[in-house]
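In what follows, subunit A forms one complex with subunit B and a second complex with subunit C.
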Partner chain A sequence: MTDLEAGRTERLLPVRGGVALQRYRDVLIALVAFVVLASLPLFTGSKALLDFVIRCSAYGLFATSLNLLVGYTGLTSFGHGMFFGLGAYGFGLIMQKLAVPIPVAFIATLTITAVVAAVIGAICVRLKEIYFAFVTLAFQMLIHSTILSWASFTGGDQGLRGGIPRPAFLGIDLSNHVHLYVTSCALLVLGLLAMRQIAQSPFGYTLRMIRDNAARASFLGIDVWRAKLTVFVLAALFAAMGGMVMALFVSGAYPEFAYWTISGEGIFINMLGGVSTFLGPMVGTVLFLLLNDTVTRFTEYHGIVLGVVILFFALGLRKGLLDFVAEWAARRRETGEGR
Partner chain B sequence: MKRTRTPGISRRSTLALMGAGAMTFAAPWVARAQAKTIKIGMPTILSGRVAQLGTSSRNAVMLEVEKVNAAGGLAGRQIEMVIRDSKGQPQEAARVARELVNTDGCELLLDGEASSGSFAVHEVARDLGVLCIHTCSEASSLTADPKQHIPNAFRCVRQGIHDSIVGGSYAAGIAKAKGLKKWATCSPDYAYGRDTTGEFTLYLKRFAPDVEIISESWPKLFQPDYTEVVTKILQAKPQALYSCLWGGDLTSYIDQANIYAMFNQMEVFAVNMADYTALTVVKNLPKGIHSGNRYIKTFPTTPENAAWGDAYRAKYNEYPTNWSWQNATAVMFLAEAAKKANSADGKKIAEVLKGLTIKCPFGADGTVTMRGDDHTLVGYAIGWGTTIPQEPYVPEVKAGDWKTIFELEAEWKKSKGYT
Partner chain C sequence: MDLDALAGCLSSSACLVTQTTSGLIIGMLLFLVAVGLTLIFGVLKVVNFSHGAFYMFGAYFAMTAYQLTGSFALAMLVGAAGTAILGLIFERVFMSRVYGADVLMQLLVCYAFVLIFDDVVRIIWGPEFKSMGMPSAFQVMPLFIAGGVVPPYYLLLIGVALVAAIVLGIGLSRSRIGKVIRAAAHNPGMVSALGINTGLIYGGVFALGGMLAGLAGALAAPVRSLTPGMGFSVLIESFIVTVIGGMGSILGALIGALLLGLIRSFGSLGFPLFTEGLMYLFMVIVLVSKPTGLFGREAA
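Coming up: the complex of A and B.
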């Protein structure tokens, strides 16, 4: 456990009574965030900005769910992108082939993802560190190869073609750009709120304990394997939600969504934003997409620029941006108290 | 007095940040204010393993756009190209295409994406209603499948099915003349490789019914080592081999198969050989490989085509690629359609593009046509020939017959349930 993590654990120890208060505070923040985001189209006509927020929703859900594994449980998954791809393909295929209402497809995709994640997780979470990372990567490549070779069903390397039909439901028409935008924001806020509740629940603290010392957790009577499996499945569900938002944005699903590069981007985002604060990955997502969008505008050598940035974060700051800010604020507070 | 400095962002940098922010938000309006020019957006692949697709497409587009601008532009408006890298990722292609239209104010799109990226851009075109010409995706279903059809998208690219029909009939002729009955195939393991090989063998057997496929190999895309594939083929002892490997894969394959002297032991039909990207990179180009024409400045054997190839080479110090001629043709189509419509408006250009025939250095008879019913390019120069190790690399190309192509293509469409 790093000093950073140790310090944080102390800070985050919940005081009994304060938990309910904190939950109300989280809900309030989520509500405010949603209202601010949802009212954005009233103030700006910029479709690019709305597109940006939609992509932030997709990647943000994905990256934050990865942080449930990496930051909270200490499971560094290199194959988390498979659930992003599974969400996109599951949703796209159900909508194209079965023509069911969108909420039904949404729930069905989550169910399928849960089953797949439970099977893969049952095998993977027994393994430690590098072995866990490698086996998740192997499963990701298995799913990617299946998508490529099952061309009659998935469209192979050309992806799901012909667009994803979006019949209106409950007055929401997802083929309307603003409706899609508001729905994405709602999914993002709900997803983040749910993950926050998981992270702050007793289960969330069990995960931190497993991360810090699995043997001790086991001696205390915690079924480590079951806890790890549960969080693996939960994280997969939120990643699939991200995949569905992305599928709606591009109106299709492509094998690249299930490729290891997506998992790599998830880890990159977590490194940028930081893994020791809940909103770190979300900050990382905004940074990553901003960097990506601005750098690719000006040069095709974006790889060099992104590489330098990651080096700066890894070697210079030695942590993600929000970690850095949180530490800096804490230091300021301490010196302020000492004065 | 000791000066103290409060920690945090200084006033000066705050102002600079605000200025930068204002510029970012003002940029689209500034751009729109200069409405005299017309912006054409182009998402393409400029980085990674197939970056040459994007760079050679961009080169060709810029070469043609300069000509159009010198001649007065699109209906009097100078063209400004905005070309961006999608890294070959479909979600990036969709994002870039949307950004080009929504933020940069591009009124037309040239889609320089391959495979899945082109379908992603197609969906953007469907959503935004902007005129889009695909210039790199050879997947037949992009225009053949009626589910894909939208009034504002066109494809100015050679097509897998056309290549297979011409290749099948050419190869069948050689098979009959030389008695080649045992065939092997070796193609990349993804949709393009599987489909193209399937269609080629379908037409090969149709024209030469006693041909038999005795061995199939499916190396992975971008596989570095082909030893096992080469030895498998040699053990099967076929009389002929078909391959639709392309680019770096094809050149590595040939270099490695040369070690086993494969090319002396069988006739080789490699549809993607006759492209300068492959021809100039292979260390010892074997004599007598049969290939389809990708781009070669000696076919069609017209002074216009040779002049175009030389002009490109003079400007960029390399030969054009198959993607180059396709992108150049797309700009030619836009220019001609805008002239006919007397407007640079996407909808009006789309109306005129349907069924439009233009003079073009890459046409089989000096012209190419944008077929009206499925919005796809036909009448381009297509043929097969055999290689020699030095320029002109493929001295004689036997042209394919478009009448046969049309007949068999219609049959194929029916068999796929497209018509």
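Coming up: the complex of A and C.
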């Protein structure tokens, strides 16, 4: 077995009082990260850089939510991208057809996603590894083919065109590029902070136990099915958030957002950055988008290049980047304590 | 939804025959791909996520061979043999490294090859739709059975797939090599202790699975259009077949594939917008009522 398991290198539950301390630390890091990101437009006028960060927010939310399933719970979902697509389409359609304020559309999309994820999750989470992977993939293809064939509602293979209306709300005007940028950063930081709280909560440790030994968790009185379903729905919500950021960014939604390759990319991002740390997928996102942008600039056959890089990581290194960092830190800590 | 069309078709024998044969050829092609998938899973315990690529290569190999030689039989042979060799190399060089590894790893390696193979096809054959064309030997008057139109090529396709199913079924249950394969699926350690090269068996099973998918692609080449990425929807559908029939069961793959083919051909009449949805719906019903599939064994 490879050790693709989140939190392997962490110490176990912090001692009493440590939990609150760790939470303050996380909030502080999140605040600093947000301030740094949000002040970026003051120093640079580069639209390309800001666009890159917005795309990182969308993909980062998606990839980190996938890590809740893959790394923390051991559920290898190969159809997680359906919620990314659902978020983008749900948000775009609500804004186009109903003309409600943006926060209302945001909440409504999350509600729809939660319901869909609960139904799909209820069917899927009972299944074992490879079945789970493929049945989630099958549902992804179902959603994708529905988007394609229901052309009168979703625009079919042309996608949602004509732009998504972005009315200003409380002085925040998302059609302004800087406003959109700051909002994306805020959503990213808030989303990551929320996922971090989930991962470090007692529920998060229940998930780790289910991953390591589901039978034992069941003996201890944990309803494994319910815990898995809960995290499936939670992860779907954050993926939909990523999809909404993407829809705001491109001012539309395209069938590719719901295609299976998005899920494949998500898995690869997790692999690239490493799933044993919380921020691994975020690092993977930045690396992946850099790689993707560079490769598409030089060749139209980026599938081959991407494939070779994936093979190098999967067969050669067998770990993500932050996994190495985490292991190195753990080794240092061990030798340090041994002295 | 167009239930009148469906009811109208069910009451006319001509339409019934036409729809059933078209369902059967969809089903038979799916069966050839799915049986390879289920065989590889049964013995090697990995799901070959890049199995659709073998179907695609089979079709392209057959098309090229047919254009070069003009012989249909040779085209089928090249399609099947080419993908068998490809399967053997793929298994020995790459897949053999991830046996027993995390499912994530296996999926990633296959995902990488789906990307690579699609681009390879794009480079060699170009990104546009291609078609092989119906061989002249089959450009004859279609048969009329009970008023329904049945092209003779459909009969050949169904016949070849049926022969493959029977040979596989008997070969696995009766022949010595079939017994060794089943033993290797059950307990590879013991089989290798008896002096049998399990690596060879694994490679052989993978090549056989690749060959069946390639044969399906070659058979489909005259009736479908060829495009990079054509293998993916076939992969998903054949996976649904194995879920419905039960992973590891050849009979299950056959029944599942035929059911799915019939659902597709009759569903396209009654629910033109929801044909794909019907397949998923059927899969969900099977999964909820019998999680191991119709012919699956417990704790497979």
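Here, the second predicted complex is superposed on the first by the 321 of 339 C-alpha atoms of A that agree within 3 Å, B and C clash if a C-alpha of one lies under 4 Å from a C-alpha of the other, contacts with A are read in each partner's own complex, and residues count from 1 in each chain.
We adopt the following convention: a residue touches a chain if its C-beta (ideal position, glycine included) is under 8 Å from a C-beta of that chain, and two chains touch if they have at least 3 such contacts.
Bear in mind that the values here come from a model prediction, so they are computed numbers and not experimental data.
S.K.: Evaluate whether subunit B and subunit C can sit on subunit A together after superposition, giving fit or clash.
M.R.: clash
S.K.: So, A:Val27: does it touch subunit B (first), subunit C (second), both, or neither?
M.R.: A:Val27 sits against neither subunit B nor subunit C.
S.K.: Using the touch definition from the top, say if A:Ala314 reaches subunit B (first), subunit C (second), both or neither.
M.R.: second
S.K.: Looking at the overlay, what does A:Val104 touch: subunit B (first), subunit C (second), both, or neither?
M.R.: Once the two structures are laid over each other on A, A:Val104 reaches no partner at all.
S.K.: May I ask you to decide whether A:Val135 touches subunit B, subunit C, both, or neither, giving the answer as first, second, both or neither?
M.R.: second
S.K.: Name the contact category of A:Val115: first (subunit B only), second (subunit C only), both, or neither.
M.R.: Neither subunit B nor subunit C is touched by A:Val115.
S.K.: May I ask you to decide whether A:Thr76 touches subunit B, subunit C, both, or neither, giving the answer as first, second, both or neither?
M.R.: A:Thr76 sits against subunit C, while subunit B stays out of touch.
S.K.: Which holds for A:Asp293: it touches subunit B only (first), subunit C only (second), both, or neither?
M.R.: In the superposed model, A:Asp293 contacts subunit B only, not subunit C.
S.K.: A:Gly303 contacts which: subunit B (first), subunit C (second), both, neither?
M.R.: A:Gly303 sits against subunit B and subunit C alike.
S.K.: Please work out whether A:Ile267 is in contact with subunit B alone, subunit C alone, both, or neither, and reply first, second, both or neither.
M.R.: A:Ile267 sits against subunit C, while subunit B stays out of touch.
S.K.: Which one of 1-9, 217-225 or 271-279 is the stretch of subunit C that crashes into subunit B?
M.R.: So the stretch of subunit C that bumps into subunit B is 217-225.
S.K.: What is the shared patch of subunit A, the residues that subunit B and subunit C both contact?
M.R.: Touching subunit B and subunit C on subunit A: residues 149, 301-303.
S.K.: Which part of subunit A faces subunit B closely enough to touch in the complex?
M.R.: 46-48, 51, 55, 148-149, 151, 155-159, 161-163, 175, 246, 249-252, 254-257, 261, 293, 296-297, 300-303
S.K.: Touching residues of subunit A toward subunit C in the complex: what are they?
M.R.: Subunit A reaches subunit C through residues 1-2, 4, 70, 76, 78, 123, 126-127, 129-131, 133-135, 137-139, 141-142, 145-146, 149-150, 260, 264, 267-268, 271, 301-304, 306-308, 310-311, 313-315, 318.
S.K.: In their shared complex, at which residues does subunit C touch subunit A?
M.R.: That would be residues 41, 47, 94, 97-98, 100-105, 107-109, 111-116, 118-120, 122-123, 232-233, 236, 239-240, 243, 247, 273-274, 276-277, 280, 283-284, 287-288, 291 of subunit C.
S.K.: How about subunit B: which of its residues touch subunit A in the complex?
M.R.: For subunit B paired with subunit A, touching residues are 25, 28, 46-47, 51, 54, 84-85, 87, 89-92, 94-96, 98-99, 102-103, 115-116, 119-120, 122-123, 126-127, 139, 141, 145, 147-148, 189-192, 194.
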